[in-house]
Each structure stands twice: as structure tokens, then as C-alpha cells.
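In the two assemblies presented below, chain A is common to both, partnered first by chain B and then by chain C.
This part shows the complex of A and B:
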């Protein structure tokens, strides 16, 4: 799981173009939206694309998305349970 | 119309009110260098396409030259170029090519050239007119500015903001006042 979390942080930095950030700067349990990383709705779409592109997960239920995108850890847990590639 | 401040940014140089600003980088990296030196507190810059970065940085430098009261009085942002948002459009197209169908939402939001005027307005709390024109030459912008900025004692950010492909851009913008 820890390896997946580090990989996911690197992918988030690349997908969202956080040029000044390293994986160490992202708190695994911090909220992704609002406080924490402070992502917006466009970023949410990028994360949905990332999960499809990298892990073969199609996230179509908005209610599920709210729980999945709580933090990097919740994302990683969902990916581990649902990945198809 | 009175020009209060003017700036010219090429891929290798920056000229602010006729004085050269020494820079180390060229091309797209030049805009990042200017951001780090003169802004640095607006991480959304890194999400912008090159056209928006160019206009954002030019506006940043122009308004930093002014007193704070001047910034509060900017009534309009009127920009133009010849190539619209073609560089970002091309980048976006690359994300939806056959066999690689992962359209990027972050690129999609910049597939309109007038987004740069919005980015400037948001940054500087400008609530007046914002518009972006596709023209053949900067000369064609002058009558448009004159007809838009009709009120006396109004101030506007105006100029040419062009980015046709990677590492290929040019901006000549002014902060003007209608006396």
C-alpha cells in the first residue's frame, strides 16, 4: 500500500502540474479538496481521468467519488480494491 | 489616451517602460522565472496555458509599476492576438487522438483565448469589461480600445498577447488612462 501511495502522489503532482511540489509535501491523510491540497472541480476531473488512464477504473457514481477523493489514502485504498490494470 | 506603463515580452527579453529586465531563461521557462521573481504567491499560475501565463505575467509587471490605487481603478482588460488559443488547442487535441482517448479537463478549460483576460481580472479584482479579439495586427486593436473605453478618467490593460506554439510567444501590453 505504501508503494502505491507514493506512486499515486507522484501521478497527482504530474497530472495537476504542481511544479513546486514533491510527494513528500503531500500529507497522505489530508483532505484533497477545500483545505489540504485545495483542489477544485477541474482537478477532480483530472483525478477521474488519472484513475481511468493509470488503473483502468471508471468512476461514474458522484456519491462514490466524494468518498474516494477524501485523501490520497482513500484514493489508494479504492484503487487497490478496484484496479483492472 | 495616455500610456501609464508599457511592457514587451519576447521569448528572450523583457522590456518594462523602456528598460530591459535581465533574465536568465528563455521560452516558456522565462515566464516561470518571471512568475517566481515577481509574483510567487499564486500557484494557479502553474495550471495556466502559455497564453494565460504570458498575459498574467505582463499584467503583473504592469500593475506592480503602479500605485495600489491604480490597480483598484482598472476598468477594463482588452487584449488581442492573431492565433487565438491554437497552442493549447493543439495540446488538447493530442489528448484525444485515436488510441489515446483521455481528454484533459485542465487543457480543455484553456481552449478559448479570452480565458487570459479572465485570469487577469480574477487576480486583480477587475470587475469591468474584459474582451479578447482575434485580429490580423495590433494596429486593428486601437479603434476597438477607443470605442470601448469611452468614459473619461478610466483605466485599462490593453495590448497584444500572442502564443502560436511552444516556446514562441510575444506580448506588448500597456496600462492606459483615458484623460
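This part shows the complex of A and C:
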């Protein structure tokens, strides 16, 4: 799990162009949207695409992403349970 | 989907049911002449409009002494040809035809086929507003402003847009395409269906129309263009920009909300648009909502052409005394207005027509059955001041744009945003009344990224960000979003004449007193992938980020 979390943080930084950040800068349990990283609706779509591309998980409804994208940890747990690659 | 060669055949689209070859025959274009589908649709609609206005070639050539202005909004331009021939270009087989990619060139192609032999002198002004889905309404506004200031005596205004794989895939990455026919304002709505088409109005001063015995179909009552200044692809929850556009159009028309008999809503059927537009409608009309419908369930969302098509639908509605139904509606939900679900028959004196675009480019137009004298405003003399800023130093860029703000921007976007901020600082004009961008190729780096990814991947797993930033209006709206500017916001893509178009726009508005200060931005990007194509015809792209502040000496 820890390995997946680290890998995911790096993928998030790359997908969302956080050029000045390192995985250590992202708190595993902090909210991704709103306060935390301050992500928006386009970032949510980029995260949906990331899950499809890297883990073979398809989320067809952006609203369904809300629960999954609460934090890096919730995302990692969802990936662990649903990944197809 | 029968014409568009996309793999996403599960997505319903509102296609014009003719092949390009069939359209060429209808438009009188030779089979051998390369022509964007956007231009073909535009030629057919524009010729119909001239014919219906009772104008023959002689009239255009001789009686309109100042010439005809042709103002046609588009964003797709010749993208369809580029995506079909991309592999040829990569093989070194590019010809001059690649210039048709440019939005402005696709408009020029329409003018060449308007059926006016002497078009060089007869058509005195050509402009291509490119503010995504509000482009055509902005074309109508520029034409009206030119008539009011005597810059032209007749204008053919509207927009044209074909479907393309590029924007079908782009909207698909945004997850706002419905897999069944769209359901505007319905609780279960799940997105839009893309459509294609062209729609134009022929507008001229009333006395000229009467003098030549023309049948007057309607009057432009008022109009406004504002910026939601909220997000590149999302509308604000309270519909601020939409409210400002609608109330601004009413103010110019000298009307109260109660005077509006029908609203042709933008109503795309995305969850976000319909909720935001409903909020704006409620704020404007309170409990006395007039008849409202979105006609996009009939046409699909024809994006840059939608304002032209829907303005024409409004004129028809007025002529026939009927409110078109909002199809596919069955239930409401909290926050949504309830549209008219069956055709209503009643006289319509004043209609409000909305078109909203990416970047929060919001436009509203009032069409009236009786005349409104818009030319009463005193003309203001224009010995205007100008401040110019050219940003080249990347170190300075960082002092004007934070890394959090710029994470999605291309390097050239960062430079132009920095130049804009510096220009505001140096001029003391913190919130210009208008932000107008002039660009030949638009946001070409993100466009090329998305296009290449789309072709290389076979239209799979595309990233939304490059599409979101691919539209020509990205720069002007981005600056408005970053500086909280709800004022007039427009973008022109007319080749090397783009800046001239922007200046005609702000000068006519300043003469009428609609604006007192304006920021004019020149933007283009050097892009290797496109240069590889352009070099085959001896051309190239270049980095341009120049910002000018104009004032009419009255406000500062």
C-alpha cells in the first residue's frame, strides 16, 4: 500500500503539472479538493484519466469520483480494490 | 454519426445529413477545391441570407457604398481538413491548403464563394470572432456596433461550425456528452450532443431597409458581452456572468425583465450550464419567468455557430408567433427553471437569446419586433492614449505569475499573462472595460498536443487540459479569470488582420460610449509540430505576447 501511495503521488504531480512539488509535499490524508491541493473540476477529470491509463479503472460519472478522490489514501484504496492492471 | 469519421459512434450528433462532396455541389464549390466543412456550411447559409434579404450582386457591389461587412464566428475553422490530412502533412505533402486550418481563412473561403464577383471591393471588412460557443453572438454585436458608428452600411453576421473529431473528443474528455438525445433543464440531463451548422442575420440601418423596400424581419434591440471570470470550462454557481450579459442587453434595449416574452436559453443540457443559467434567470426574472426553452435538443450544440442559428430561430419564432418547445424534458430538480415543453402560440415582441462559451464568455442579444433607436448615444471623439508592453524577460514573468497559477499554462501563456498584469500596473487601468485578444493561430501548442495525442492514440485516453486550453479565447478569458474582470471579452482570429479587427471592435465601442478603457492583446505561439508542417510552404509560427492599453481620456 505504501508503495502504491508513493507511486500515486508522483503520478498526480505529473498529471496535474505541480512542477515545484515532490511526493513528500503531499499529505496522504489531506483533502485533494477544496483546501488541500486546491484542485478543481478539470483536475478531477485528469485524475479519472490517470486511473484509466495507469490502473485500467473506468469511472464514467465524474460525480462518482468525489468519494474516491477525498485524499491520496482513499484513491489508493480504491485502486487497490479495483485495478485491472 | 454518418459523416464524421470518429471511432466514438456511440455518441449521438446533430449532423447536417450531407457528405462534403454533396455540400460542395450545394455551395457551388468545385470538387477539386479543398474546403473546410465549416466554410461549406457557411457558404450555403450566407448565400441564403443574402437572397432572403433581397440583395442581388449589383446591390452589394453598388448601393452599399461602404461595402458589406462579413463577420462570422468559428473555432473549428479548418480543423476537419487538418485531422484528415495529418499523416500527409507528416509525410511532407503539405500544400498552401493547410492555411485553411486558420479560423480566419475558413471565413475568407466563405467570402470567396458568396456569389459576389467583385468581392474584393464589395466586402470591405471581414472578421472572425472566436470566443468558442458565444462566437456568433459576438459577431452580431460587432456588426451592430459598426452599423451604429457608420463603419459599414450592411453586415452579414453570425457563425459557422462543422463537427470535428477534435472537439468531439475534447468534449468527451470533459465527460459532458450525453449518450442519448440531450435533455436541457431536465433533472436527469447528462450532457450535450454536438451539432453543426451555420446561421447568419443580414443587418442594416432601418432607413436603408425601408428605402430599398426590404422586408424587415426584426430589430436588434440590445446586446451585451460579459465574462463570468470564474473558470475555463465551468460556469459559476450563481450565474454572475450570464446575469450581467442578460441584464446588460436589457439595459441597452431600454427594457424591463417583464418586457421579455421568450428566452432562447443557452441550455446545453450539461449539469453545470443549466444549473448556472437557471440561477441567472431566477436572479433576473424572479418569480415572473417568461417562456424559456433551449432549442439544442433540435439542433445539437452547434458551438461557435449556435448564436447565429438560435438568433435565426428567434426571428422565425417572432415571425410565426410561437415559442419553440424544449424537447426531452420530463422532470425538474432543485435550482432548475422549468422550460416550455410544448410549442406555445403567442405574439412575441421581445426575445432574449443567450450564448455562453468556454472561459465564461457570455453573450446575450435582444431581438425585437419593433425598432429601437440604438444610434442616439453621442459619438465620442477618440484621440485615445495607448500604453504598450512587450514581455520578453522570463525572470519578470515569475514576478507577475505565481507557480500555482501557472501550472497549466504553456510558457507563452505565462508571458502574455505577465505582460497583461504589467500593462495594468503601468497604465493604472486595473480593470479595463474590455479585454480583446488578436491571434492568428490561437492556442496552438495545446491544440497540437491534443490533435497529435488524438491521432496517435486512435481517440483513446485523452487528457482534458490541452483541449480546455485549445480554444482561441483561452488567453482573453484566462486574464479575465485571473483578474476578476467581468467586462467585455472577445477574441479575433483573422490572420495578420486579427489586430485590426480587435481595434475596430474597441474603437466602435469607445465611440458609442460602451467602453472607456480596453486591453488589446496580441498572442501567438511558436510550435515545433505545426512549424514542421508550415515549413513545407515556407512559413512558421512565432512567439508573440504584446499587450496594449487604450483609453479614451474620459475615465482615468
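Just so we're on the same page, the second predicted complex is superposed on the first by the 82 of 85 C-alpha atoms of A that agree within 3 Å, B and C clash if a C-alpha of one lies under 4 Å from a C-alpha of the other, contacts with A are read in each partner's own complex, and residues count from 1 in each chain.
In the analysis below, a residue touches a chain if its C-beta (ideal position, glycine included) is under 8 Å from a C-beta of that chain, and two chains touch if they have at least 3 such contacts.
Just so you know, these numbers come straight off a predicted model, no measurement behind them.
When both complexes are overlaid on chain A, the residue A:53 reaches chain B and chain C alike.
By the document's definition of touching, neither partner reaches A:13: not chain B, not chain C. Once the two structures are overlaid, the count of chain A residues touched is higher for C than for its counterpart among chain B and chain C. The contact surfaces that chain B and chain C form on chain A in the two complexes overlap at residues 16-20, 42, 45-46, 49, 52-53. The touching residues of chain C, counted against chain A in their complex, run 173-175, 231-234, 403-404, 407-408, 461-465, 468.
Per the touch definition, chain A reaches chain B in the complex via residues 16-20, 42-43, 45-46, 49, 52-53. Residues of chain A that touch chain C in their complex: 15-20, 38, 40-42, 45-46, 48-49, 52-53, 60-62.
Looking at the complex, you find that chain B touches chain A at residues 32, 43, 46-47, 102-106, 109.
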